[in-house]
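These notes open a run of structures that come right after.
Look at the two complexes coming up: subunit A is in both, with subunit B in one and subunit C in the other.
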Partner chain A sequence: MESLLEFIRIDMGSPGLATLVSNPKFAFIQLLNSVSMGMNFFIIAAGLSLIFGVLKVINFAHGAFYMFGAYIAYSVTETMGLSFFWGVIGSAVGLVLLSVVIERSLFRFVYDKEHLMQLLLTFALVLILGDVAKIIWGTDQYSVSYPASLSGATNLGIAYYPSYRLLLCILGPVIFLALWLFIERTRWGRITKAATQNREMLAALGINVPIIYTGVFVAGSALAGIGGALASPFNSPTPGMDAIIIVECFVIVIIGGLGSLWGTFVGALIYGFVFNFGSVIVPNGQDIFAFLILLVVLLIRPWGLFGRPETEGQ
Partner chain B sequence: MLRLIRTTGPIVTILAALSIAQAAEVKIGTLYPITGGGAIYGSPAMIGHRMAIDELNSQGGILGMQVVSVERDTKLNPATAAAAAKEMITKDGVNVIIGGLSSAVGLAISEVAKQEKVIYIATIPKTIQMTTNRRHDYVFRTASHTDFEGDAIAQIAKQLGAQKICDIQLDYAYGHDLADGIERGLKRHLPDAKKVLDLRPKLRATDYNVFITQIMGAGCDVVTSGLWGPHFVDFAKQASPFGLFQQIKYITGGEIGSQEIAGAMGEDYPDNVWANSYELWYHHSTQEHKNFQEALAKRLDTIETPMWPVLALIGVRMYGAAAEKAGSLDAASISDALKGMSIDTPVGPRTIDPETHQADTGQFWGPMVKKEGVPYRVMDPITYIPAKIIE
Partner chain C sequence: MPQLEVKGIHASYGLSHVLFGVSFNVEAGQCVSLIGRNGVGKTTTMRSIIGLTPAHIGNIVFEGTDITHLPTHKIAKLGIAFVPEERHIFPELSVWENLDIARRRPRNDGPAWSEEEVYELFPDLKEIRNRLGGVLSGGQQQMLTVARSLMGNPRLLILDEPSEGLAPKLVETLRDRVALLKDGGMSIVLAEQNLKFVLSLSDHCHIMEKGEIKFSGTPEDLRENAQVKEKYLTL
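Take a look at the complex of A and B:
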């Protein structure tokens, strides 16, 4: 581990823009920080965007699903003693079960209702799920250990970097590609895409639209659960963690375009880059750049970089 | 006329009885976060608070009156806390407000106490402002404060021979005030040390990689910090793979030595951390602590008890003793009684300074080490650093 520090220590004093420009090693590490952060957020925000894209519901409870994913990963790994892999699987399965119940018993009744009604329902869910989590896991904070093989750092030649964060850099694009291939290259994907355009026409063609809706809601929620499980080794499962992540996810999907997979992917990367490089340039103004971009996007292109403007009839 | 008397008589009697019943109890307005992120500390604090209420009532209450606790959730939000404090005073008619968690919340409650002329005893908020430039007749603190904590950090930095220091604090009142407290402490104890980096992640930050890599690049030999609770857990978990704790010593306030953190992190707790705690369940500095810890353990059905209950307990005890001394529930009289008030607590005697309204609350400090057969880190050796700043 000694060599790790030597690799990273660059004796630069207080960093800043000049350090980023003059020190490629430092800039490279910030690049990896940006990508790993962006991919962590992408995995979570992709579900939020997917659900909005098809169901047209802005799901505030998405953060609560993320929190449940983190807590389930804790229970599976630390309480039951299974490996981290099973923790992630357990979170996905847990969220599939939870979201099926929620979609069938609550969400399906508000698809045709106005947005305010939908928002109120999802907000109520935030409060209910927060209390349910408190009943199950209490108010303590927990720590989920990194998988043993990924607890150290990997030598990338230029610098060492935490292996687990590198995994996120890989997993994000893999999940993106899998979702893209499903939507663009499979029959069910095309049907799902059609559901975003005109659900009535799809029903008229004999497609079971409610099943599509349930499937999309479950898939989106499972992504939140997987995101929570993947984040749990470096974001301790605690009460209230849902409230933090949901803001960041909304910033990402609004920048990228609600309902757009590409938009969410690019939005997450933009968020990661402006947060990390912005924090070096303006150390105590970490959020300034991300929210400035959000503001500009809302003013110039309110439907987001990759979104589509809502037209009448949609 | 007779009919009027017949009709109104019972109503007047009931109202009078209700008024006597109301007067026969002391209402303590209790403010802790019991939902959301702050519940980690608010919920155990509430347990200590209720223990103290039970204790008072079993001893005959305050001035012979039963003590009741009117409890509200601050959600760790200053605006929510201020609104709740106002409501408890104006609607519920509480005699005192006790609690608060986070410096921003403490300052917000203190402003309401000042306006409404109701005593507020801050049991957890540490910002120095509360007992300096924003002190008033009705605010008192039984917690430590950021200057005591900063001075203790500087003393440890001196022991460790720190030369280049990186400081990382949360970007709100507590973090800023602790940074100032450390700065002043360093001038007293280690004037030759150089601070090479100041970082301020936001409250409830989740990703610290950008700060960790800046610390590692800055060439410091000691990190001073006040990242508390989940902030520390996340920071440590993210910094460990970078090897930060292998090479750089980490001195931290924010009660990172408490059982809540050590127990939760278990094997993940990093090396080279010097931390503090108000109370340690395994360190019986007094017989009363042993009794308190056993009672708490019984109440929680656990051996390893959390640290936060004792803080809430001390606040209630302090108020009870002051009211008895004042011989009334009048806020001005109790304010006078609190000045110079001394009580015994499970962690030793506490006296409130009549000038600053600040209790002489020191803390236990020490390195967090592994012990054979113990699945979490413990503080060893334990040093009590008293609440005393020698210029």
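Take a look at the complex of A and C:
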């Protein structure tokens, strides 16, 4: 069944539009590829969007958090020999610890500062974390095995499809639903929503806003770590992977609307589809289509599909 | 001992010095008002009490605790509620959600407000409890912002220009509600431009100008002192 994965990857080369139309099985697999890839992106980009929505800081180091997630998953599964499940848990815990320290010692001092200061801080973190990763893990490209129980393929009637990628198709909506229910259906979710609107008023109502900020930053960063761990079997942990993912995340959240959960979900799906079908239609053309869509959104609706135009005040 | 003591506070926004030694006391159950034109420091005095613009000289003591440099949420938890002039209703939360996030466990021997009790005081809010904060009228917003502050079970209410922008009839309703709260034992610090509103509620009035208190007295003193009336109250 391992060979099936290879088959799909090779097949993704550049068969052209004709294959897509004439071969429904191929089109079906591209569809699932789009969704599973989109859902992996959603998990990562949701963290970036959540952090921006509440803290109003664009965290360029989010990609580095993702990379740390992938590396930690490698260490836990391949070096320590634990199962993939613990690799994902380990990445989440690792990112929680890392982001608590970073938020408490650095981020909280720039919330009131201008964007340039915030950008400098998060960019400095990109460079520092990139080097820290090289010190810990070196510059090798590592491979992480698929979890044993999900390394095969599942018969979906129309075609076989890798079980692991099916898991991503399910996990994305589950995480979306969990986030949505938390924000819309719990008191702390509503308080978090209120924090995006007016932090002074929230404090005057007796709520410790800095704790909310820390919580949101940690949760968002943990999502990057989980996303990195989940991507590690097909996206080998290697230096520089942070720079690629952060650009992809930005495309997604700008298309969907920064700070919007729905927007990030839809944006991630759009990106997944454009990436997979784009490369089928034009060999290696995925980026062209993604950035074209980004351009159109920026021209017509600069605040994104589900975002809101920036308003005055807090 | 007064419930709230404001002792010679100075406060600034960045480089602009706004308050120059403001002092006054509030006894439990009293309504004390700050009167004056825009920009004389009424709002800043209130923001200093709740800790949003901390005083850099002087002290503020609430029920024996020095709160001058406490963070805002801790001051609120001690039993002070702030109703800002801008109201700051959370637009993406519904009326009941705005109330719900402000809910706090009551302190021993302190007041204990529930959502239902707040609706008894402001019946109009009950009918629109599922409406989003962002679509409320000015009057509804003002009722909600007072109602919301009660959910924290405060013993001292700071009201900044509550009648601002309200129709005369609504101003009267609001004054009745605030009077009810006062009758229930709530201490109030009030900043108002509407003299009728102020004089009918206050036990003590302080007239402010350029960051200082220029005149203090009861509403009767104010009414009788023609010179003060002439100088500060011809708005």
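Note that in this section the second predicted complex is superposed on the first by the 296 of 314 C-alpha atoms of A that agree within 3 Å, B and C clash if a C-alpha of one lies under 4 Å from a C-alpha of the other, contacts with A are read in each partner's own complex, and residues count from 1 in each chain.
Assume a contact is a pair of C-beta atoms (placed from the backbone, for glycine too) under 8 Å apart; a residue touches a chain by one contact, two chains touch by 3 or more.
Everything numeric in this text was worked out from a predicted model, so none of it was measured.
Applying the stated contact rule after C-alpha superposition, one finds that A:G206 touches subunit C and leaves subunit B untouched. When both complexes are overlaid on chain A, the residue A:P24 reaches neither subunit B nor subunit C. When the shared chain is aligned, no partner comes close enough to touch A:P309: not subunit B, not subunit C.
Residue contacts after overlaying the shared chain place A:R190 against subunit C, while subunit B stays out of touching range. Of the two partners subunit B and subunit C, it is B that touches the larger number of subunit A residues.
Contacts of A:P173 after superposition on the shared chain: neither subunit B nor subunit C is touched.
In the overlay built on the shared chain, the residue A:R165 is in contact with subunit B alone; subunit C does not reach it. Under the contact criterion defined above, no residue of subunit A touches both subunit B in one complex and subunit C in the other. The residues of subunit A lying in touch with subunit C in their complex are 187, 190-191, 193-194, 197-198, 200-209.
Taken in their complex, subunit C has these residues touching subunit A: 50-52, 71-73, 76-77, 81-82, 84, 88, 90-93, 97, 100-104, 148-149, 151-152.
Of all the residues in subunit B, the ones that touch subunit A in their complex are 34-40, 42-44, 76, 171, 196-202, 204-207, 209-211, 213-214, 216-219, 229-230, 233-234, 237-238, 240-243, 246-247, 260-261, 264-268. Residue ranges on subunit A touching subunit B, taken from their complex, read 1-2, 4-5, 8-15, 19, 26, 29-30, 33, 36-37, 40, 130-131, 134, 138-143, 145-146, 151-153, 160, 162-165, 231, 233-236, 238-241, 243-245, 248, 275-276, 279-280, 283-284, 286-287.
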